[in-house]
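Letters are used for the chains, namely A, B and C, taken in the order the chains are written, and counting of residues starts over at 1 for each.
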């Protein structure tokens, strides 16, 4: 019995070694290999679908909870102890103020840095050091930027927990995103266009101003919009800067205390009554609509001007 | 004879001034990122030094009780509970995100028809753009109740729920970075394998993944560094009870969770509790810094040359 | 006897360790077409780019010797490279119009050099487009994107763009290599017209083209100027074995 088994096993081995010639056997082996391929194809597809399913659940659940709270009152009321009197007005205006300061700052600083690195810097230790800094800053947790903001802007510069302190913190946080996107876009400007400009006697800055920047602008704007959408959704750095207080007014100037949408949502999440959870969901709907709109604009810009 | 034109003539002087001024201005902007790094390090170092004047360093890194916000004698500054909490969440996130992220990357890079890819890629981008506060809300309103219906002894605030959601959050990052790495494997290497009769799965596992391994591994490291620094999800879902444990069902606190809790409380700038924020911030910064450097090292050191 | 426009004296150019141009000396006649030929990598394009200092921007390039254009050493410290390039225009291998309107492409140079007057600009643009034999094709759509033109039209637009800064010398770096035969013929015809007002130096990989359009031809090989002579003579009775080998197609 066992001898027979061994024999047949040997036989199989022999068959495998000569499987190229043995058609029936090799085709069953191919069948098995293809079977594995199909199985894993399904598994990889399933893994990809996890993200989509989660997104669908998340959106559905949030809309279900928050939808009925999206009334005009929600946009006109300030925060309150009573859910029925609570609204998002201070948070929306705070976010607008913050973006109003952060947007021009990040754009100017980010594009300038990118132009310097792509068009002016020589390949020396300084430019390598700056690049190393930028790639490391991109990986620093946002809450650490919050600590920097708290120490530098709130305390040392004495700005307090103001719109300005929060905006400056956010600017530093999202700057690496704008720099990286702008550099990529500037590097993609064909060198023959720059050469044409130089060959007509244009100076370096004229070439940058009239050829490089117009060509790179869509990419730069896309990067800036994505960076700002990150800034709108960030919570932790502003908590550190001290934006979590009871704010029932819109900012009057750069030095006003303020709250932003994610922080108001965070405060509602922390309150015990179920209605506050629904308010949080309503706030999230508003926040997500703003972010999706910004993302859509960025994607449109990218597709429209993609060369 | 025609008079030759002069190439020596000076351009308008304001233009020369502009040309000379602009690179300087741009350099100052570029140096801002250096100042930011220096600012972060100095800020953390200064207050952390003050912290270690009062708390022995050894007690900090070996202590298993963290009660930084208590008053007086009850204050204990053993950071291990915060580190164990952070690691618990990070490891859990890795268990969720690594297989799913890599699977999606393989699907998108190797299997997906172009049309499907063009639908799924933007969805992943949207997922990557969802604020962490939204994920936090998702964790306590959906994931935690769902888990508690299976595991009745699960605490309402627990590491498990937080780590699953942090994992979901970093899936797009792993998927997109790994996909980039795999798509940069040249076509002719794949075709050589197909030419020998390999199935798609064999090409993926034996050719593409090994060739892109440095990029894939560095995407894991970057994503986990992101998980370590993640704040809102863990603050909302994992609780604020620093416990030295590796039991995912328990309520814990991460380093970031403590920083938020402390910043929201009423503490004075001179207090030891306040300085503890910086010590924990420094610890967090070092963790993520080392991981980011590691990721850069891996992707540079083991970069495949095609 | 024709006048000299450019005189090159003992020019050496190094890319780092690589000695790319070796002791080049040659005089280029005013209002004539001078062709530079030779196999790829022989230094003909590099030489062309020394004439408007386009090599300056490449890191690690070192240049020795003198180039005089209208008796001014263009590598002297006092020369403003922007003004030099205004006097020595250039047309590139592939048409490279800016992604702007046809009008703005031609107006680019004059605007850079400070011309703001709308009327003068309009006149200059018409003159330049006529000069490049493309006016009739584009006069009704000056506001259209230049990138919508055909390849041959784009290249003539690029010539018009170069003419608009009113140069005296026009450098052309294989200007027809990306074009079809009909467009090529148009450009060659145009070059013949342009030489009455401009000094033209053209790099070409096409010997027939050099024979057709140039008055003098220079043959480069591995950074050396092997032979420089009247075009008919260089092609009918080359003095050097290497020139003969090249023009009879034995290498390159």
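We take it that a residue touches a chain if its C-beta (ideal position, glycine included) is under 8 Å from a C-beta of that chain, and two chains touch if they have at least 3 such contacts.
Only a predicted model underlies this, so the values are computations on that prediction, with no experimental measurement involved.
Of all the chains shown, the one with its CA centroid nearest the global CA centroid is A. Set against the C-alpha centre of chain B, every other chain centre is closer than that of C.
Chain A and chain B have CA centres that are 12 Å apart.
A straight line joining the Cα centres of chain B and chain C is 53 Å long.
Chain A and chain C, compared by their mean Cα positions, are separated by 48 Å. The residues of chain A that reach two or more other chains are 203, listed in rising order.
Residue positions 82-84 of chain C are each in touch with at least two other chains. By the touch criterion given at the top, residues 52, 54, 57, 59, 82-86, 89-90, 92, 94, 96, 98-100, 108-109, 112-113, 158, 161-162, 165 of chain C touch chain A in their complex. Taken in their complex, chain B has these residues touching chain A: 15, 18-19, 22-23, 25-27, 29-34, 36-37, 39-40, 43-44, 47, 99-104, 106-108, 111-112, 120, 122-127, 129-134, 136-138, 140-142, 168, 171-172, 175, 199-202, 204, 222, 225-226, 228-232, 235-236, 256, 259-260, 263-264, 269, 277-278, 281, 284-285, 288-289, 291-293, 295-296.
The residues of chain A lying in touch with chain C in their complex are 122-123, 190, 192-193, 195-203, 206, 210-211, 214-215, 307. Those residues of chain A that touch chain B in the complex are listed here as 33-34, 36-37, 40-41, 43-48, 50-52, 54-55, 57-58, 61-62, 65, 108-109, 112-113, 115-117, 120-121, 129-130, 133-137, 139-148, 150-152, 155, 172, 175-176, 179, 203-205, 226, 229-230, 232-236, 239-240, 242, 244, 262, 265-266, 269, 277, 280-281, 284, 287-288, 291-292, 295, 299.
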